[in-house]
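Residue numbering begins at 1 within each chain, and the chains themselves are lettered A, B, C and D in the order written.
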Amino acid sequence: MRLPDKTTAMAEAIARIPSGATVMLSGFGVPGTPFALIQELIRQGQDNLTIIKNDANETGMGVDHLLAHGRVKRLITTHIGLNPRAVAMMNAGEIEVEFCAQGILAERIRAGGAGLKAIVTDIGRDTELAQGKPRLDIGGAPAVVELALRCDVALVHAAKADTFGNLTFAATARNFAPLMAMAADRVIAEAEAIVPLGALPPDQVHAPGPFVDHVVALDTLSEEYGVVRRA
Amino acid sequence: MSGARNRMIARAAQEIAPGMVVNLGMGLPTRVIDHIAPDFPVCLHTENGLTGIGPTLPYEQADRNLIDAGGAYVSTIPGSAFCDSATSFALVRSGRLDLTMLGAFEVSATGDLANWKIPGRFTPGAGGGIELAQKARRVVVLTTHTDRDGNPKLVGRCTLPLTAKACVARIFTEMAVIDVTPQGFALREIATGLDPATVTAATGAPLALPTGQIPEF
Amino acid sequence: MSGARNRMIARAAQEIAPGMVVNLGMGLPTRVIDHIAPDFPVCLHTENGLTGIGPTLPYEQADRNLIDAGGAYVSTIPGSAFCDSATSFALVRSGRLDLTMLGAFEVSATGDLANWKIPGRFTPGAGGGIELAQKARRVVVLTTHTDRDGNPKLVGRCTLPLTAKACVARIFTEMAVIDVTPQGFALREIATGLDPATVTAATGAPLALPTGQIPEF
Amino acid sequence: MRLPDKTTAMAEAIARIPSGATVMLSGFGVPGTPFALIQELIRQGQDNLTIIKNDANETGMGVDHLLAHGRVKRLITTHIGLNPRAVAMMNAGEIEVEFCAQGILAERIRAGGAGLKAIVTDIGRDTELAQGKPRLDIGGAPAVVELALRCDVALVHAAKADTFGNLTFAATARNFAPLMAMAADRVIAEAEAIVPLGALPPDQVHAPGPFVDHVVALDTLSEEYGVVRRA
């Protein structure tokens, strides 16, 4: 037995995404956001997308480009406070925004990746986020049924990938990536380094290769990946 | 092991297409591994938390921490990964498992599988079998054609508690390769030297025969 | 930052007992980190996937992959661990978080917290705030006593959409330390130089005063 | 900031378990089973226990000792076929056994560890394992509500632990350990090696320290931990 090679050219991988697709994007702020795959998506022109990402990045970065180019129909997210365009487009009705408690977004994605139908939680019970969601009584206490989330394509950023698609993530760039890498019909991972089979110790893999369909090499890292200088 | 049984296992190995992720259940299915070529591109999964199973190791070379779900001491290959039990079954349930090969107590003509409980006699528990049977993209069964008492294991309707409904696509026995079709069992291939009437007689539900020559294995 | 506000942050830092796991929310709470002694035994958690936060780093020393949930470039300490977002919130929801310090738009006399949405004006989203507020074993709030227009942030009943009900145990402002009790707000400590009547006037719900001397901070 | 020290003597840690407790045990077969902690539990005498473990080990190992000493009231498990005593005691009504599909047991434990109330799944829908469990309609298809599992104490086996309780597991000895380490009011980890803070790289930790209460050093490994010679 040997493990198949999944290295793919970026344009070819992104071309698998149709307009109207639901796309998950890894990342919490800058760390883990697949900026290069997003740029290629913008270049290719797919629109009418449903985007699932923790946040909307900041002006001039990642999700903001998709918003600026009018590619986003709907955004499922936890916090968009650092992106004024996202807030403005939401207020103007130019995009639909569904807010989710952050850990519940993570669990809904993970549930989709784990082949579950839903999770049941008391989180957000007393908030407007739970309005309209099915309720269930568990052990005498009311709880909310949160449906699992899956997507057509997940775009994730990895520090290292082997040719079979085993992934590792750096520091807090891990965040949503291992979860999204489970929850997609097609997973495209961009990697800062593609290493040969066997170069990643089997007990140090953060996302196992069988979940990943395409491994795309990043030759250089654009400025977006860098440290943000703040006032 | 009989020659027919060995040929059945070798034949079952041909179900594995290049690039698949495959789980081989305990018992006969595990033996399929011996028929996969060293350079064949496939990822073998075991539900106790390993993707990319390597060759089984003898006692002297075994790693005490590295077994498959059947308890055999296995090895890794370049690109293997370990994961916890939740992630391992996430792979199964979310559709990443292309093929599983399972054992059976009974398989029905509608593809129902029973392989975890014989009430009053043997109740080991289902282990990971329910999820493998219900969620692998393709489920095939490797089994003896009849039980120790000579009773058919391929039946019209399962009498034992089910593992999963309508899950089995194909059955490999020492007698035949049989598909589960919308019309019931259909003979596809036959063991060398057997005639179809013998297979039909050992099968507990109607068996459709192909027209023309029946391929042998 | 005013002296009173600095003293409030220093005072809030004393809420942290040895051995605790603590999450410091964005804004004022993050500043508490400057008042924790280097040898103090505590595990700081940030919900984007780090247990054991180390000191904040300047631009030149920052690791582009290592931030806290507020976007600050932080560091690790010996014994730090990274995890994914699901595991990070598992820690919060399963009761392993001893204490969280959060900001607030409004806190009610029954401990309700509103800190994620001002309808029609500002809807950034709740981020991890709902889970922190609802599930940390102890929730304290650090906030200015009044908003920019001078309106009280401590109120009888929240008018803004809630983050969580009946979650806040204690409030630190530049004016006072106030507990949420079954009887409503209770003044515990007061900023040096202030008199209780000033605090009462700036509070939008009845404030019980202690008998005897009021400790100052 | 420095991280607290959680190293504890084995007898002291196990003494925190009262009779009648619900106890999770890591391990799938031999790998990952905390044999030494189980032996100490037997020595101390707690009984009337509810044990949650993937399997019942084999004759003369781990769970089998608890059964032989009559300490188990109830067993929540997936497969006991390799332990004739467990099967016989179940058939004789001497222990209650609740069977669970293996991945659903893992998810129920993880859900408990993640502070969720339940998961919703179609697994086992057509089997007797789902009988008596609440049903829910998700997207027009019937699904089963599987309640989260938590326990009083989890006993897990680690390859390495640092003094704060960060754990790593070897190969397939990982299995249920990271999940159980989340799902317990008290987590006791035995470790083949206790290493200083900083010795485990932060991106290679399999179970983060904040989930773990006690770290117990294993001075020697008994024969139970070894390779099993089979016929």
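Keep this in mind: contacts are C-beta pairs under 8 Å (C-beta built on N, C-alpha and C of every residue); 3 or more make two chains touch, one makes a residue touch a chain.
Because the structure is a prediction, the values reported are computed rather than measured.
Separation of chain A from chain C in touch steps, taking the shortest path, is 1. Compared with chain C, the chain whose C-alpha mean position is the greatest distance off is B.
Taking the mean of the C-alpha atoms as each chain's centre, chain A and chain D sit 32 Å apart.
The geometric centre of chain A is 36 Å away from that of chain B, both derived from CA atoms. Chain B and chain C have CA centres that are 56 Å apart. The multi-chain contact residues of chain A, meaning those touching 2 or more other chains, are 107, 110, 114-116, 121-123, 169-171, 174, 202-203, 206. Along chain B, residues 50, 76, 82-83, 86, 89-90, 92-93, 135 each make contact with two or more other chains. Viewed as a contact network, the protein chains fit none of the simple shapes, being neither a path, a ring, a star nor fully connected. Inter-chain contacts, as defined above, occur between A-B, A-C, A-D, B-D, C-D. Chain A contributes residues 28-32, 54, 77-82, 87, 90-91, 99, 101-107, 109-110, 121-129, 159, 169-179, 206, 225-230 to its touches with chain C in the complex.
Within the complex formed with chain D, the chain C residues making contact are 18-19, 21, 36, 38-45, 50-54, 76-83, 86-87, 89-96, 135.
Across the complex, chain A is touched by residues 107, 111, 114-123, 134, 136, 138-139, 141, 143, 145, 147, 168-171, 174, 202-204, 206 of chain D. Interface residues of chain C, counted against chain A in their complex, comprise 46-50, 59, 62-69, 71, 73, 76, 82-86, 88-90, 92-93, 122-128, 130-131, 134-135, 161-165. Chain A contributes residues 1-5, 110, 112-116, 162-164, 166, 182-183, 196-198, 200, 202-203, 205, 208-211 to its touches with chain B in the complex.
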